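Two complexes are shown next, each including chain A; its partner changes from chain B in the first to chain C in the second.
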Partner chain A sequence: MKIVRTLAWVLLASIFGASAGAELLALADYSQQFRESPNRAPSAQFPLGTDDLGRDRFSRLLYGSRVSLFLAAAAAALATLIAAAVGATGGYLGGVWEKTAMSGTDLVLSLPWLFLLLAARAALPLNAPPLASMSITFFLLGLLGWAAGARVVRAATRAVKESEYVLQARASGCGPFRIIVAHVLPNLKPVLIAQFWLSIPTFILSEANLGLLGLGVSEPMPSLGTMLREMESVSRIASYPWIVAPALLLLLVVSCFQVVLRGEQRPL
Partner chain B sequence: MSADGSLLSISISVDYPALPGALRDVRLAIQPGEMFGLVGQSGSGKSTLALAVLGLLSGRGGRVRGSIRFQGQELASERDSFWRKLRGRQIAFVPQSSISALNPALTLHAHFREAWRAHQFGKPDPALLRELMESVSLPGQTAFLERHPAELSVGQGQRVLIALALLHRPALIVADEPTSALDVITQSEILALFRSLNRRFGTAMLFISHDLMSVGALCNRIGILSEGELVECGEAAQILLSPQHEYSRKLLSALPRALHPADLESAG
Partner chain C sequence: MTFRVVVHHLCLLLFTLLICGLLGATLVRYAPGFGAEERDLDARYSAESRTAFRLEREREERIVPFYVQHLFGLLHGEFGRSRIFDQPVRELLADRLPVTMRAVSLGLLTAWSASLLLALPGVSRRRAWCDMAPSVLAGTLLSVPAALLGLAFFLMEWPAWAALTLVVFPRIFRYVRNLLEQSAAAPAVLQARAAGLREGRILLLYVILPVLPELLAVAGVSAGQAFSAAIPLEALCGVAGVGSLAWQAALGRDLPLLINVTMMVALIVLAANAIAEIAVTAVHRRAA
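On to the complex of A and B.
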């Protein structure tokens, strides 16, 4: 088991490393169009062939995973922050505030997001510039993805609230907000860290789904999500089998995360 | 009972939802600088009384009826924000278990910092901390204060809790079985510490224990609690030598014969 985990770490590190060093590894720019050679099979010049527009698939995969991993990690940080704030205040303060916070959480969990996202897509300009589309994706993921985490944080906060050391902190005159910040949250660190890492693979997949709705990162910027869209038809995969590379990479990243996280999760 | 210069005088009943009448019309008064011992077997309501005096029962679902006067001021009807100003500064708490009453995620220094911040701006003066730590016979160097609770022995942890209670020089310390988790030698060291702190600072103490001998060794007056009622209250010597109430006699006769106060008296 240890070897599998080490292998997973190594794979994750090299994937992160490769996407961070995309400039060094890529043979061509991700947006450069080799008009004379679209839909090429893999070759020495194009290790993963080219797409409809003659762009180097390998280069797009490198840059695309960088965008996806970075977006997912940033959005996971935002979601974890919101989950910590909502869950810890809800769980500690109790009463009306807890009811409000948890109704809000349930609402976020139960809204028909597909329709809301389609509506949001309709409201946005048809072709947002890459940076704008990245920020929109970041906020969408972060603002939609915190609710499940908030429930976990609230449950953990309740356990901490009943502890003797919180009673002791109250007995020394500490107020509720100071107790949340200085006594509760430091004890939730393992929960928050797990929440952060667990969100990353989910968000990578969500970004891919947003891409299918036309909401993800916009052209010419690649992302795993936009590249997955190329696998729309089976016949296409049959004639260009190498276009499944992004899907395989995504599968690899997500399973490596699972292996690593399962090993890291300690009973609280 | 309150206009007589008592530091604390209470006359209360406490109901838990699951246990109405956990305390029934318990009346007692503690003079400034006095060591008052409260004895009773497990479940008699000792911790309930301690939490009531600190205004912390509502967090445990308990409801207090009656009067709690501290330095002539009625507290029972006050809001939590008012209690908070007294807790830790005027009335400090020493709990039973140092293992669970110290926050595992914080260093000792952070405990002092948080307890300080509850009532004063800035950080506690390092010289003050050193003096405090030395007054409870602990090393006062920074290296020791940077330890986490898990790096302490149970007895050291108890001393840290006592030092924390002394931080703001309270007028009253409520100690709920502060020695029952300790071995006999450490126990007697802590009792000696309480006695010397009481002499040096004139801190009054509500010392709660199920151990009649340690209460007898430390306190001027003793109250005996049985099933939520204060069945006897008076001078320590009088209660130990000629208990009036049947329950007090039972408690005394439960002592090992060799330690019996009446025999010790006749032997000495």
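On to the complex of A and C.
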């Protein structure tokens, strides 16, 4: 099992590394069109062929995985930050604060969040520039995906609250805000890091769902979700089997995350 | 105690309705293009008519009166009119909701049956492959986006509810397996085995029954997961349910329709959670 986990780590690091260095590895820009060669089969010039508009699919995959992986991580960081703020405040202050925070959390948790995401996304301009649509998509993911983490943080905060160093800080006159920021949150670091890593694959999959539905990152900016839209008919997949590459990459990335997280969760 | 839980959940439902209504009204009010109407550009209307339209719109632009009007409409079962379908939202929901409810019920039933059937052998036989095979299957399915599964099922011409089963199954299976594993490790199970009780009886009385409240809670949560999965699956499989309605509304920027669909689904999910929690309380009371 340890070998599988190590392999998953190596694969994840390679994929993240390759997507981070997309400018160096890509053979063309993601939006550059080779108009004389649309729907080209894989070759040395185009390792994964070209799409309908003659854009190099391999380059788009590299740039697209960068968008999906790094922005999912950014969304996870935002969600963890909100979860830490809500969970730690509710857990430390207790009473009405805790009840309010947890009622809000329960409410968000019990709502079907893809519906919320769709509603929030539709309220924004659909003709937004690619960069804005990309930021909006992942910002919304982070903004709506904090609730599960907040419950975990609140439970951990309640345990930390009873510790002697918090008692000492309180006795020496520290205010609640200072105790939360300087004493509680630093001691919740393992919990927060675990929440951050757990959120990344969820956000990658959510972006893929939105992208496939046409509500994710807008063209010409690629992402793993928008690239899946090419697989719209059996005949197309049969004629150009290499178009399933984004789906395979997505499966590989999320599977690697599952293996890594399963291994890391045990000691936690 | 049960009465208090029922009242608590009724209050929560009411609170959700009010909050969702306010958020929905705010979203509709501040969405780009709100208030822009075709008739403003129609030269057949006189200047007085256009002024009257403008005054009518200005009344709607103030959020509180707009929300109160929206809320009164909801209380009278008036959900507004869909822009893209040019039909009352109530009629659309009445047509589409049963389709989704059927698919969600069928998907949840199959996913729960599969989860229990695959988790129990791993717990009772304690053989590595009995546990490994379904865990690998669940892990793989968790790595596939629901929309991609929907697309695959659409291309293969398989039913959408089966895809929904595959989306919900891994999420249920993980919880069920962990709960049953913890329950099977209890000393009472060992004692029951030593006393020579039959395996089926041990599983039912000593493994499943002690974790029944937790399983009921998971059942409530899985309803929300199933409804969320319904959007991409219905949209891509071409099923005329509320999921595809929400998708079409999002693409057509038909916010009144989208908000009402979201509220309706949220209320159903909250009701499912409330029923599960009431059942949990009842089971706890009986056990006590």
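Criterion: the second predicted complex is superposed on the first by the 236 of 268 C-alpha atoms of A that agree within 3 Å, B and C clash if a C-alpha of one lies under 4 Å from a C-alpha of the other, contacts with A are read in each partner's own complex, and residues count from 1 in each chain.
As a convention for this text, a contact is a pair of C-beta atoms (placed from the backbone, for glycine too) under 8 Å apart; a residue touches a chain by one contact, two chains touch by 3 or more.
Since the structure is predicted, the reported quantities are computational estimates derived from the model, not experimental observations.
Q: Counting only touches as set out at the top, which of chain B and chain C does A:233 meet: first, second, both, neither?
A: second
Q: Touching A:163, do we find chain B (first), chain C (second), both, or neither?
A: Only chain B; A:163 stays clear of chain C.
Q: Contact-wise, after the overlay, does A:205 reach chain B, chain C, both or neither (first, second, both, neither)?
A: second
Q: Looking at chain A, does chain C or chain B touch more of its residues?
A: Residues of chain A touched, chain B against chain C: more for C.
Q: Give one of first, second, both or neither to describe whether A:136 is in contact with chain B, with chain C, with both, or with none.
A: Touch status of A:136: no partner.
Q: Looking at A:249, would you say it contacts chain B, chain C, both, or neither? Reply first, second, both or neither.
A: In the superposition, A:249 contacts neither chain B nor chain C.
Q: Does chain B (first) or chain C (second) touch A:72, or do both, or does neither?
A: A:72: touches no partner chain.
Q: According to the stated criteria, A:192 is in contact with first (chain B), second (chain C), both, or neither; which is it?
A: So A:192 meets neither chain B nor chain C here.
Q: According to the stated criteria, A:119 is in contact with first (chain B), second (chain C), both, or neither; which is it?
A: It touches chain C, and chain B stays clear.
Q: Give every residue of chain B touching chain A within the complex, in rising order.
A: Touching chain A: residues 54, 56, 59, 84-89, 92-93, 95, 97, 100-106, 110, 114-115, 117-119, 161, 164-165, 167 of chain B.
Q: Contact residues on chain A for chain C in the complex?
A: Residues 103, 107, 109-116, 118-126, 201, 205, 208-209, 212-215, 225, 228, 231-234, 237, 247, 250-251, 254-255, 257-259, 262 of chain A touch chain C in their complex.
Q: Touching chain A in the complex: which residues of chain C?
A: That would be residues 12, 15-16, 19, 24, 27, 30-32, 139-140, 142-148, 151, 155, 221, 224-225, 227-229, 231-232, 235-236, 246-247, 249-251, 253, 255, 258-259, 261-262, 265-266, 269-270, 273 of chain C.
Q: Over in the complex, which chain A residues touch chain B? Could you list them?
A: Residue list for chain A touching chain B: 163-165, 167-175, 178, 182-183, 186-187, 189.
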